[in-house]
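Have a look at the structure below before the remarks.
Chain naming follows the written order as A, B and C, and within any one chain the residues start at number 1.
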Amino acid sequence: MSERDFQVPQAAVCPLGLLASKIEGTIDGASVDLLVTGAAPLQDALAGEVSLVDNEKYLNKLLASPATAFIVPQSFPVVESRVLIRVKNPHAAFIQAIEIFRPQRKSFVGGIHPQACVEASAKLGHDCWVGPGATIGADVVIGDRTRIHSGVHVQAGSRIGSDCELMPGVVLYENTIIEDRVLIHAGAILGAHGFGYKLVQGRHCRTAQLGWVHVESDVEIGAGCTIDRGTYGATRIGEGTKIDNQVQIAHNVRIGKHNLICAQVGIAGSCSTGNYVVLAGQVGMKDHIHLADGVVVGAQAGLMSDAAPGQVLLGSPAINQKEQMQIFALQMRLPEMRKQLKQLQATLDQLQSAQRNSQALSAGDAA
Amino acid sequence: MSERDFQVPQAAVCPLGLLASKIEGTIDGASVDLLVTGAAPLQDALAGEVSLVDNEKYLNKLLASPATAFIVPQSFPVVESRVLIRVKNPHAAFIQAIEIFRPQRKSFVGGIHPQACVEASAKLGHDCWVGPGATIGADVVIGDRTRIHSGVHVQAGSRIGSDCELMPGVVLYENTIIEDRVLIHAGAILGAHGFGYKLVQGRHCRTAQLGWVHVESDVEIGAGCTIDRGTYGATRIGEGTKIDNQVQIAHNVRIGKHNLICAQVGIAGSCSTGNYVVLAGQVGMKDHIHLADGVVVGAQAGLMSDAAPGQVLLGSPAINQKEQMQIFALQMRLPEMRKQLKQLQATLDQLQSAQRNSQALSAGDAA
Amino acid sequence: MSERDFQVPQAAVCPLGLLASKIEGTIDGASVDLLVTGAAPLQDALAGEVSLVDNEKYLNKLLASPATAFIVPQSFPVVESRVLIRVKNPHAAFIQAIEIFRPQRKSFVGGIHPQACVEASAKLGHDCWVGPGATIGADVVIGDRTRIHSGVHVQAGSRIGSDCELMPGVVLYENTIIEDRVLIHAGAILGAHGFGYKLVQGRHCRTAQLGWVHVESDVEIGAGCTIDRGTYGATRIGEGTKIDNQVQIAHNVRIGKHNLICAQVGIAGSCSTGNYVVLAGQVGMKDHIHLADGVVVGAQAGLMSDAAPGQVLLGSPAINQKEQMQIFALQMRLPEMRKQLKQLQATLDQLQSAQRNSQALSAGDAA
């Protein structure tokens, strides 16, 4: 393939005047007939394309860009020999521009694809879509307008609400509950067995794993996440919580509402979080601990105990961010502290020896 | 969907007397005709349902629960106005109760689904099950009663024993060996290339990756795990070892028998472990190191060298837990140590200056 | 199944003379008619098989092995009662031997499998292969000789070059660009939404995620990796870069050419790397930082800021390896430093009290 073949196709060519009117902008420096061929961010934009410069501190980057026009804030300075489109909200306008040139694809034609495999006892709502290679087990119930992509496997007894989207390769084990407007990215797996074993005569025997996963409304779950079922009841993800890629959530965990859980976080069994908790990337949580409302945890932290509302935690083992920052700084000074200790020791030895001499002298005097 | 739609369906209603006789319990405080509608853990149980209270220290939670009956140990105190079912083993009895109300689903009807794709040269044992969308490559051999779920891909030359279960989306690369009674959770990938390259004229060239993965009997592998093939021979997982979700095991690794490997652990190439080794969550192991029998490693530890039998390790880089706990504690005292150093310095300066004065004085005296 | 059933089948029996001539070696200690039944690494090789001993320091292991013959370097000493095949390059010769006994399987018969699902508007090059259960969306373009394994999902608008291989279960979201000779291992997911939200009236609202993923030529991506699309444009992986399993790369990241990124690394949004950067296992990178050409980062490090060309970094938070190693060593000596501090304090207290006594004495003298 040639170089040009590896470009995302732009769907249309648009005269500058039409573009400006669609994004409610005013043109500064060019004719309305100039043809624009695409929209791309500043570091990628080619000649012919429109780009975005949201702040005048990037003026140099604008001047270095081959792009044909730039969407800028109203207050942007005039730039000689460059075409600007001044708008109220540059990001919203640029998003509109992208959607003109590269409209979002509709992969949904509605209905159940002939290569999908839906059990007779499953009930689907209106305007559902089930892609090729997807399997829907017995007694599954799915709400209206929910889109099940190709290669998704929904096991028996699961219930999915309305306006959900399950991307390719998602797996829901039996009895998984998904409420409304939930988006699950490709390869996420909900409902595998919790990691619980009992040692019997030298062999690890699996304990009962009879529960399920319950995801409340407006949750988003990232690609490759794994959320295990509860032991007897539900592992639960609260309303509005957003989970990034490759997060692991163990059995019986209860995540509160509107949490943000970044990539590669691992949460051990029976943990719980309040509302508006934020966990940065690669955080680990020991089992059976609780983070209260509004707790914020820094990247790679290792949580070993409960946290009070609003606490900001850092480090492994994690403590308050303020103290941890101080300790990180002092660790950097350990070589200096070591040196200081040696000098103190030397000075002290010297003093002691001087004192001994002077005592010996005094003793001599006395004698 | 209404609120009630997002409940896991309970399969049956059961009179209390029948329930008690099935779980071999004695009823305390109610008629045998009382109808029970489900079984749920204490934090979830609704009116009508039976729950579990395994210890009298949870008496307050019992009193606060709307559940209709509670499975308790024989020795539990009498609770006025609450229905108790006294049993010998409360957890075993509660598991039985759950299975009465929510019997495990049978997703296996036996046979090869018409939408599965099985090569003519593959040999399947008796009572195997191959789900829709699964693919079984050339020369694959599968033992009796093994269940291959929908969307599993078993590449050519692989051999799977009897009574195994491969959950949806599992991928076995060519020549993978799986012994008997192995359970592999959804999305696990066995046999991808090891990460080995040689720099030739500025480009990373892949070294030979000609081996396979060999999983011994009674192993369980969690969702989303990746286990790479050996370079020339096998990457091997020993009998009875249990692996949690999202664990990464590199090429040529040899895991011993009856290990427990928790979620998100990463084991680099050519490592080996003895028997009964335990790795907690997010542990990392440097390549080519060996952990002897019974080694236990704490969460997020980074292992840089071999470990002797029974060692308990912690931290990154990991050392003996006892020393590491002391060092963690002393890190917390670094601000105090820093302050103490400054005070020592000040006191010493003062002493020195006093000494100098007294020497000057003595010198004065002498003069 | 019997023990012997769990062996990877060896395809052929080969007389020693024929084997030696194929790998260009000379036989030392046996007849050319001796039959060899397979090739296996030293720790696995059985009687009848040929193995590899690349260095005479492993002589004891050779003597303890039941293997029938050993591929060794030209300079290897004579070993009584053992059959050696002396060759110029033992590893290359052993690879050839493995391929004689266990030739690589061809899973590609060419063409589009009848159980694949390819949209009418997709364009495939010559000699492409699309496996059963794979789905190819509208307007997808695929180059010559590219192999799409079973259960791969390529969404609409994606473009894949020539000589690529996508292993089972790979998912490409819409508009993903893959150049030539790219290998993507099973379960990798390219193009899911970036993790970007804006808090509006107490709810996290997803920001625009309109971009795509662009993978340049000769890249390899490990099993279970996730690479998110850019916000407006591309998340980009540079030519020749190799990525191990379970790596997470967030939106707008730009990875340079010929990087090596080990397993379970997490790279946050808008990071960039130069060429020939190496990230060891489980490294985490804060968003918006840049690593210049040739930077090397140790396992489990946490990068919080930019790095200059060739820097070697370690620890969390990461600093120069040399300083970090010194600090790790001093942390181990914290108990000793603490003890030393106490002793200094005690000695100083003693000195002060001695001084006070001597002053009191002097004062007495003076009086």
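Note that in this section a contact is a pair of C-beta atoms (placed from the backbone, for glycine too) under 8 Å apart; a residue touches a chain by one contact, two chains touch by 3 or more.
Given the structure is predicted, the values throughout are model-derived calculations rather than measurements.
Undergrad: Count how many hops through touching chains it takes, at the least, to reach chain C starting from chain A.
TA: Minimal hop count between chain A and chain C: 1.
Undergrad: Rounded to a multiple of 5, how large is the rotation, in degrees, that superposes the C-alpha trace of chain A on chain B?
TA: Angle of the fitting rotation, chain A to chain B: 120 degrees.
Undergrad: For the copies chain B and chain C, give the interface type as same if over half of its residue numbers appear on both sides, and as different if under half do.
TA: Homomeric contact, different residues on each side for the most part.
Undergrad: Where the centres are mean C-alpha positions, what is the separation of chain B from chain C, in Å?
TA: 23
Undergrad: Quick one: which residues in chain C touch 2 or more of the other chains?
TA: 115, 133, 151, 169, 187, 224, 246, 264, 282, 300, 316, 331, 337, 341, 344, 348, 351, 355 - these are the residues of chain C that touch more than one other chain.
Undergrad: Spell out the residues on chain B that touch chain A in their complex, using ranges where they run on.
TA: 1, 5-9, 39-41, 43-44, 52, 91, 94-95, 98-99, 102, 104-105, 107, 113, 115, 131-133, 149-151, 167-169, 183, 185-187, 218, 220, 222-224, 240, 242, 244-246, 258, 260, 262-264, 281-282, 299-300, 316, 328, 331-332, 334-335, 337-338, 341, 344-345, 348, 351-352, 355
Undergrad: So in the complex, which bits of chain B are touching chain C?
TA: Residues in contact with chain C: 115, 117, 133, 135, 137-139, 141, 143, 151, 153, 155-157, 159, 161-162, 169, 171, 173-175, 177, 179-180, 187, 189, 192-193, 195, 197, 202-204, 206, 208, 210, 212, 214, 224, 226, 228, 230-234, 246, 248, 250, 264, 266, 268, 282, 284, 286, 300, 302, 316-317, 319, 323, 326-327, 330-331, 333, 337, 340-341, 344, 347-348, 351, 354-355.
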